[in-house]
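Note that subunit A is present in both complexes that follow, paired respectively with subunit B and with subunit C.
Then we have the complex of A and B:
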């Protein structure tokens, strides 16, 4: 049974306890503001600083100790950390946040300022067999590795983006044989666009260490290569890799019981959208992102958006964006923030932006890649796993008069209407229309996550207000 | 081709049903739709088929509607829905498993008995049950239920399938449908109307304005003033469940309807107001209405409190100031017909047929004169004096 509604007030509410949220909460907390930090996981850290369980720390150590140190500082400065709290909606005035606590107990958070630091979703593209057990996303694989879990005997790592290499290394460390790494683009082939990388020697050293480790284990790194199919009965048994530029050419068939596949990340900007922030498109990826001014200011005066939710750029950028937003909020409250620290944050953000610009030039454009892969899907591929809708069904529905936009496609096929509410398949649905733009692929609606009706029922204080 | 026997404005369920009726009778029909077909009220509605008398007041509704006056149309609609799937050669997920209308207070129980008498007089079969008998018939009902009426003809259909199926059938009968083609002007030219769109203009002797929340705007383009009061209402769906509830459950005193649809989701609705009506783009559902609607629904059906809310959404309702349906020729504007108002989804097969008959000057199946637009014009006669374009007269 759930408890009656708890109403919490604060000077600032930060949603998401990943690098950006932690950094923002820390600066606000240090300045003496009453800060609530809400996060849906059972412990703060987000995906990047996710703390391994105590047993895993004993056995394999903490792979990112900086996270634990940051979390300790946040707690020490008086920030109230509400873990296990899922923000699922907003009040009608778009100021109050509706959350469900660990036991589904209703919580309403009202704060003068809201910092949205909700992070990113992993970007998936359907392929035949993606519903099989043993198919995991790189993020999940990395998390399991950090927990000391050995996901299987042998794995294929595929998709696109710089994240694939560290994940392959993490699998190796846990004793999983990595049979191949398949990258859809050609980022590791020397070409003029890659010369810019010379300006980031630390990143080159990092890259070299990953490739050296993979080479030591005899792992082949295939470029211009994508997954054509995963097959098996109860779980993945075989993975077929083909040339992206010539899908009839088989690069390899691997007997693997783990297939780790992902195409990077896309901003989780739905809470920002629910709060009424004006939305635009990420110029590099086409993903919906909030339109932001300096320091993560959104079009809604009391909302800042930071970290990956503001546009995917990696953890170092997220930390700085969190700090910058906190400084901005403090300045608006008349607090003096050291000009030097503000300037340092700005300069560092600019440098990181140059590196991110380089990355997006080296790796394929995710929207185009999604469109290309979706166009090549065999007709019987399950595109929407929740509702069991195939590519063929979607293609014929998209040909119906008036059936060509995403809401119409969803309405006529039920694709994207299941528990994930098209978070998984939305971009692919859009791409299957044949002229994908990402528009309306993943709508922001209350509830952001399925929420127990008992939680809604106990929002008494809220419901009874006049 | 720029001339048609009839131009239908709006590809919702009323436009689609009317287009089919007219096309089947051999008329050349063009359907113009500002967005995607079935995107607005017709696709966002609960999809209930209300055959027993309805409750009279949606939350936030100023005037109670005249429930008794709707019964002949409900009875006729019940018959037409029974034939709809065969006629359209489509699976509309029509389920007629019957429905309960519950009462919790002595006043509401008295209303139920009155309503039952009206239903008997109209030839609709309903049954009044006391609280215990109702709980025996539907053990999911909670302890506050004091009485219920049972009507075996109540049910629902899938609103995502109905208008598209009507449109497809109309197309098979040579009707043309233009999506994303808003009407931008309407002029009387001799004995015909000129309908302007960004894609060109069309001349026709008959215009059917079934534009839902934009009915008033479309009238205004033709220089006609019709008092409409469109609102946005909202719906809530749970995640899929095993089969739990086979009937429609409504409340006589409050806006509430609950049912489980074919896909397994339970839909909770009842006409609760959305945050606000957005004429452009989708209206946003209200968290306050969510809590209100769920609280009453879980009181009547306590099993709901163990389920999870999956999504909620809002859609427009082309309401009239008196909350009654609207159908007929607009006085003073020859060949200009309008249909909308409450319970349009239930009435769609009937209103489609009725508009066809009115246009062909045949006798409608039921007398629709009580729902005539006369009552919503300034003087009972619409004047053809121009009003400002795009202004909704309310």
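Then we have the complex of A and C:
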């Protein structure tokens, strides 16, 4: 099996074909730059604009047609879209990107400029039974609904954040009975902080339309409620909801074959980390994020970080961040970019930031919530679902010398060392270590994704030749 | 109402033929058949199904056309594709 390494060069390489990456690639492409847009999924769109293939869309509909239009424009302006390409590392000079192509074939991408648009993923907090088939993130539920799949007969949707509501509605639309929506916070109880959102009525109307639809279907929206346990043999069968402020109080036991749990989103900033970008913490969530200057400039001169990878702020912000970074790159190359369009982007970004600030104040602080939930976990709960490490094992290890250090905790227990590289258990690991915060700062490691050994071997052979 | 005249691709799931809407993910194809046990967890020996749906948790890995560890959630079905969920099971 000889798979030669493909080397591709470009003026700019954009990693991630979600809203931010597409927007950046479009502006760069329109200006005539040679642009490579790499993405690990089988088609561009990221999570926000993800849709099944055209044949399936014809059958089940497209819930976000703006994505298809943007993708068509990106392709039309000459951007080379490399789908099915997983970027898993960087070359020693931190300029070349190491990727695995659709069949695991090694690919090296070298470009003058790198735009990191790797997006976000959902924040998980372990609970007893979360490893059972049928327990999924709200994002999985939304994708499968968009693909026309009816996930099960009846579902419970739980966690925290505004995303739970559209997911519950999508399940209803596919004929799944939604037994309850459980929100850990109390965002839907009117209080002064919420009034600021009145300046953004469109978003409020959207939220209200979801709650109205849920009410029409008789779906109970519980606040101050969390999942205590999911049980079943080969698949989830029962879900127990309890009061967050008084976990002994059972809110409901539901016979459900689908349980969607998610606590909002975390920036996927590990590629930025590998590229050597100086990192800080998101002020709202404590998550590791790159320290950025204007227009997504990182501390590494040739790297911009845009979209959710720069800090979770939603798709409208991601699109604008992508454009802003592209304008910045073009300006640095001596291209003239209309001052008016640059100023408009900046103003719109500031307005969205104000709205996001208000929204995040409505929901519980994710790091504190993670710490609180992790502290209450029964000892036999699988915290690391990849390596099968329980809460008790971690608590014992946390008491040992060095137990306040996440890498040491990983080393002594193997927690967080499995295929997901602690993306799922990271915040909980951080909460369970001595003096933990629940924010989950786990250093990025190569490979960012498991890649076939042959990919790495061929790459090494290649490196020795040159 | 769904149109039933839409085209289908033929795949095999653990050797059994199935007709799937083209353009859907392998994960959607399995779930539509009511299959939630995508693989056996080598550590605990228990069944695991798809979790994150976006390629980060790797719980949905299946074997596609003999290629192991393919993330079912981000791979799309193709005509003639063979999908195998027996990875992680004890045996040859």
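Points worth noting:
Here, the second predicted complex is superposed on the first by the 450 of 466 C-alpha atoms of A that agree within 3 Å, B and C clash if a C-alpha of one lies under 4 Å from a C-alpha of the other, contacts with A are read in each partner's own complex, and residues count from 1 in each chain.
By definition in this document, a residue touches a chain if its C-beta (ideal position, glycine included) is under 8 Å from a C-beta of that chain, and two chains touch if they have at least 3 such contacts.
Quantities reported herein were computed from a predicted structural model and do not represent experimental measurements.
In the superposition on chain A, contact of A:450 is made with both subunit B and subunit C. By the touch criterion stated above, A:224 is placed in contact with neither subunit B nor subunit C.
When the two structures are aligned on the shared chain, A:270 is found in touch with neither subunit B nor subunit C.
Judged by the touch definition given at the top, the superposed model places A:105 against neither subunit B nor subunit C. In the superposition on chain A, A:134 contacts subunit C only, with no contact to subunit B.
Considering which of subunit B and subunit C touches more of subunit A, the answer is C. Once chain A of one complex is fitted onto chain A of the other, the partner contacts of A:407 are limited to subunit B, with no touch recorded for subunit C. With both structures placed on the common chain, the touch criterion links A:282 to neither subunit B nor subunit C.
Contact with both subunit B and subunit C is seen for A:419 once the two complexes are overlaid on the shared chain. Taken together, the two structures place residues 419, 450, 452 of subunit A in contact with subunit B in one case and with subunit C in the other. Interface of subunit C with subunit A (complex): residues 2-3, 6-7, 21-25, 27-28, 31-32, 36-38, 41, 43-44, 46-59, 61, 67, 69, 73-76.
Considering their complex, residues 40-43, 47, 52-60, 103-104, 121-122, 131-137, 139-144, 147-149, 151, 234-235, 268, 382, 385-388, 419-420, 423-424, 449-450, 452 of subunit A touch subunit C.
Taken in their complex, subunit A has these residues touching subunit B: 89-92, 98, 400-403, 405, 407-408, 411-412, 414, 417-419, 421, 445-447, 450-454, 456-457, 459, 462-463, 465. The touching residues of subunit B, counted against subunit A in their complex, run 11, 33, 36-39, 43, 160, 164, 167, 171, 177, 179, 238-240, 263, 275, 285-288, 290-292, 294-295, 298, 304-313.
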